[in-house]
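Okay, so subunit A shows up in both of these, paired with subunit B first and subunit C after.
Here is the complex of A and B:
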């Protein structure tokens, strides 16, 4: 697994892809930081994370779009499937490489609270829990992207279908507020990854939300493994 | 056949795993509902009360009932959580819910006739004295978005308890008669803090004996000998006063020389701050962010990094001595050392620096204490080069991130001689304010939006270009 992780992580930074992702991520993130913190004169990063959550949907598929589809297109997936590692290890290794690249970007954003600490008090609890929440949320999006990438040979299709799935979940919040039936409304909100994020911004580490995000990640990685298992049989 | 069998198997596995995942989440939810394991990283901060209040509650022995004007189900749980801390700390304090739907006349005796109490109001009742807070008094609300930005339950309840337990009132007079400015914001703030606030025409009336503090806000005509005699009488009885000027209050020769006896000389000028880090973000160069000098009044603000004073068009003050025959002068706020002053105010066309403008660090606010026989008998004056924007209401200024009212209430508490200062800060629901000068904002913007992304991109292009030729 570490071999796959290393190979994939390096691949991000040997091609332009990793740098393009990081540049876009840090640029957007910098603008959001400037608008929601510096110009708004607050050290609370709630506004920043609220906007970054929307942007993450559009940026993170850049990381995942070629994760499996590239191998499929180049037929190197045959090599991976016959390599002396389990499919699970291969999938998790690749997933972690994408997460690792995302975390490089997140590490750079730690400069924001650091910079703000020179101008006022930074709410450590809220900032920490928001970071935890945002990383879990993004981990979920990356796992959805990874799954989509395993279904297709085309990077574009992988990226766009990821947008599709995630945007669909965005509507869950809206739908739930229009549904009269309390039970259905509750179930819709339960599925929504956006609704779960709120607690984190308040400085509360909600075990339910953490378990939920980890479940999302596990389910989509499991489905990805199933896609490759199926390939073995067909 | 084999393939079909596989498909069925595979579907069963997928459905099974999904079911287990959902079930696991439901189990966690059920578990969390029974044993709350939300790790509240902030609970001790937002919903707790400070050591200052605990210290105050230790010696609090007035039986008090705090009424919440709402049923258990409708009450504001944030407020209730904090009130419970008071009741836990001191058994004289009882908390009781009163549902106005069931008991609609309950609130009547706590309001002036004609007024009514709203749901979720808080009443602190000690029998003969009481204090009422509307639900909106307990939060700072952003005027633009109408959302609560911070919670000040502790600030209000502690002040309210202190008020109902005491039997003396502190009376403040706003002086009129010389074209003074109306400081509506300061009046409202002082009333909210349980001061008795009155107006007084110094030309026609004497300063009454119940006056403990007078406020002179930017007079436009000079004081007469008879006015000054009234001031003399007032100060001889441990009087406390605030003299707040504006650049438009000019040539108040008699008043200036009266204040000069206290070691503070008032100048008819405005201070201009060329130092970008001492000017309000996007402001013009008369909107000074003053430098806080260390003192009893300012130290707490410096510690909390609440160091914005928004001090527009300030007059400068010359401090003639630090200590001289029983008079102590203390500088509170000053400009940066790059500031300069413009003097010919009435013909002023531009605040650009021209030759001959005096340059240096100028005091813009100071206090002077004339020592009496005991600290209780001290007479004290606070002199400021502006009215500190006190005509604007406190919430508005605070929401913009200006610490003016924090500074002002510290001054008032200092003049009032309350060493045990209970002006407790509101607890932010949206995070603390940061104060970034224009220059720093531009630098931060350039670094985070241009420099860092560009570095990453250039590094990427270099790596890519190198590898292309491998």
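Here is the complex of A and C:
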């Protein structure tokens, strides 16, 4: 697993992809910081994360689109699948590499609260829980992207289908408020990854929400493993 | 070492591999021969656990590929048809990665990788990006990848495809050298390659196994009667008179004058072309002061056998020997294809 992780992580920085992702990520988060903290003269990062979450879904698929589809296209999956490692190891190794690259971007954004702490009081609890929540949320999106990438050998198809699924979940909140049936409305809200995020911005580490995101990650990684297992057993 | 039993792989209605059964002994080099699309790569992909079979079993060193895939994969080094290379990686980084991927002993890493690099001769491109290498070098890097960890079984899918003649000879020598200690399955649609390196040949066509033997036996099997081409110096009719006295000679065909003062003949015999026959032939000619300038056995070439076995015309299959003898002069009759 470490071999896969190391190679994939490096691959992001051997190609332009990692740099492109980080550039866009830092550029966007810088603009968000400027708008929601500097111009608004507040040290609360609630506004920052609220806008980050709607932007992140558009740039995270950049990280995941090549994850499995590139291997399929270049036939390097023959190397990975005939090596004495389990499919779970391969999937998790690759997933963690994508998450790792994302975390590099997140680590750089830590400069914002750090810079603010020199000039005012940064609400530590809220900021910390927002970071945790945002990382969990992004982890979920990355797992969806990983799954989509395992289904196709085209990176474009992988990226677009990820956008499709994630954007659809964006509307779950909206749909739930229009649905008359209370039960269905509740279910829609319950599966929405966006609604869950609100607690984190309030400085609450809600166990239910944490379990929810981890479950999303686990489900999509499991499905990805199944995609490869199916090939082996069909 | 490798046991393949009733292996079948279907894609919808089409059977890519149809009920193939064979075994490979430890230390053997097996040639896997067939036209394009015969099912060679599919069989190899199943053997290495890349894809599943529809039915049948594959066992390597006693381990089943489905039940204990990691035990099987540990024992196999696989070079697929298209070498699985990451084009954005440097050769040495790539080999390091594969070494870790195969979970090999960390302590011997550098030395082992260097050994393999020397065997396949890629030392001078070690620090170059794989994407920038020539096809021949990419193929070698692919071979190096398969060799890492000294697996007991090597499965090489068309290892010399796309190489220049010099590289082909080099890679063949590498394979022969490796075959001294390992079990190798090598696929190819190039016949001389298989006869040059393999001890045993399996020919498949349209997913079915059609022949299995040593290259020599295969050629003997398809030449029913033994034939000999000789060039003798002297007068044509005198030579024929002498040849008729050689025990075992069935028929003599005059091939004409190819060198001054000599004639070429094709002799068909009823006895095997062993030392005894050659001795008698030589002595009788020598007595009459007729030097034999050249003598060569005419065996069906693997090309003949191959074309014969894989011919779509069922008529040819039903009466193999009669058809074969017409073409057994070494020249292939193209109309059969």
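In this text, the second predicted complex is superposed on the first by the 233 of 234 C-alpha atoms of A that agree within 3 Å, B and C clash if a C-alpha of one lies under 4 Å from a C-alpha of the other, contacts with A are read in each partner's own complex, and residues count from 1 in each chain.
Just so we're on the same page, a contact is a pair of C-beta atoms (placed from the backbone, for glycine too) under 8 Å apart; a residue touches a chain by one contact, two chains touch by 3 or more.
Bear in mind that the values here come from a model prediction, so they are computed numbers and not experimental data.
Counting the residues of subunit A touched by each of subunit B and subunit C gives the higher count for B. With both structures placed on the common chain, the touch criterion links A:33 to subunit B but leaves subunit C unconnected. Of the two partner chains placed by superposition, A:183 touches none, neither subunit B nor subunit C. In the superposition on chain A, A:6 makes contact with subunit C only, not with subunit B. After overlaying the two complexes on the shared chain, residue contacts for A:218 are found with subunit B alone; subunit C is out of touch. By the touch criterion defined above, A:76 lies against subunit C but remains apart from subunit B after alignment on the C-alpha atoms of chain A.
When both complexes are overlaid on chain A, the residue A:120 reaches subunit B alone and has no touch with subunit C.
By the touch criterion stated above, A:14 is placed in contact with subunit B and with subunit C alike.
For the contact definition in use here, the residues of subunit A common to its subunit B contact set and its subunit C contact set are 14-15, 233-234. Only residues 13-16, 18-20, 22-23, 26-27, 30-31, 33-34, 37-39, 41-46, 108, 111-112, 115-116, 119-123, 125-126, 128-129, 199, 202-208, 211-212, 215, 218-219, 222-223, 226, 229-230, 233-234 of subunit A touch subunit B when the two sit together in their complex. Those residues of subunit B that touch subunit A in the complex are listed here as 3, 6, 10, 13-14, 17-18, 21, 24-25, 28-29, 32, 37-42, 45, 281, 304-305, 400-401, 428, 430-436, 440-441, 444-445, 448-449, 452-453, 456-457, 459-461, 463-464, 467. Interface of subunit A with subunit C (complex): residues 2-4, 6-7, 10-11, 14-15, 74-86, 231-234. The residues of subunit C lying in touch with subunit A in their complex are 45, 48-52, 66, 69-71, 73-74, 76, 78, 80, 82, 84-89, 93, 97-98, 100-103, 145.
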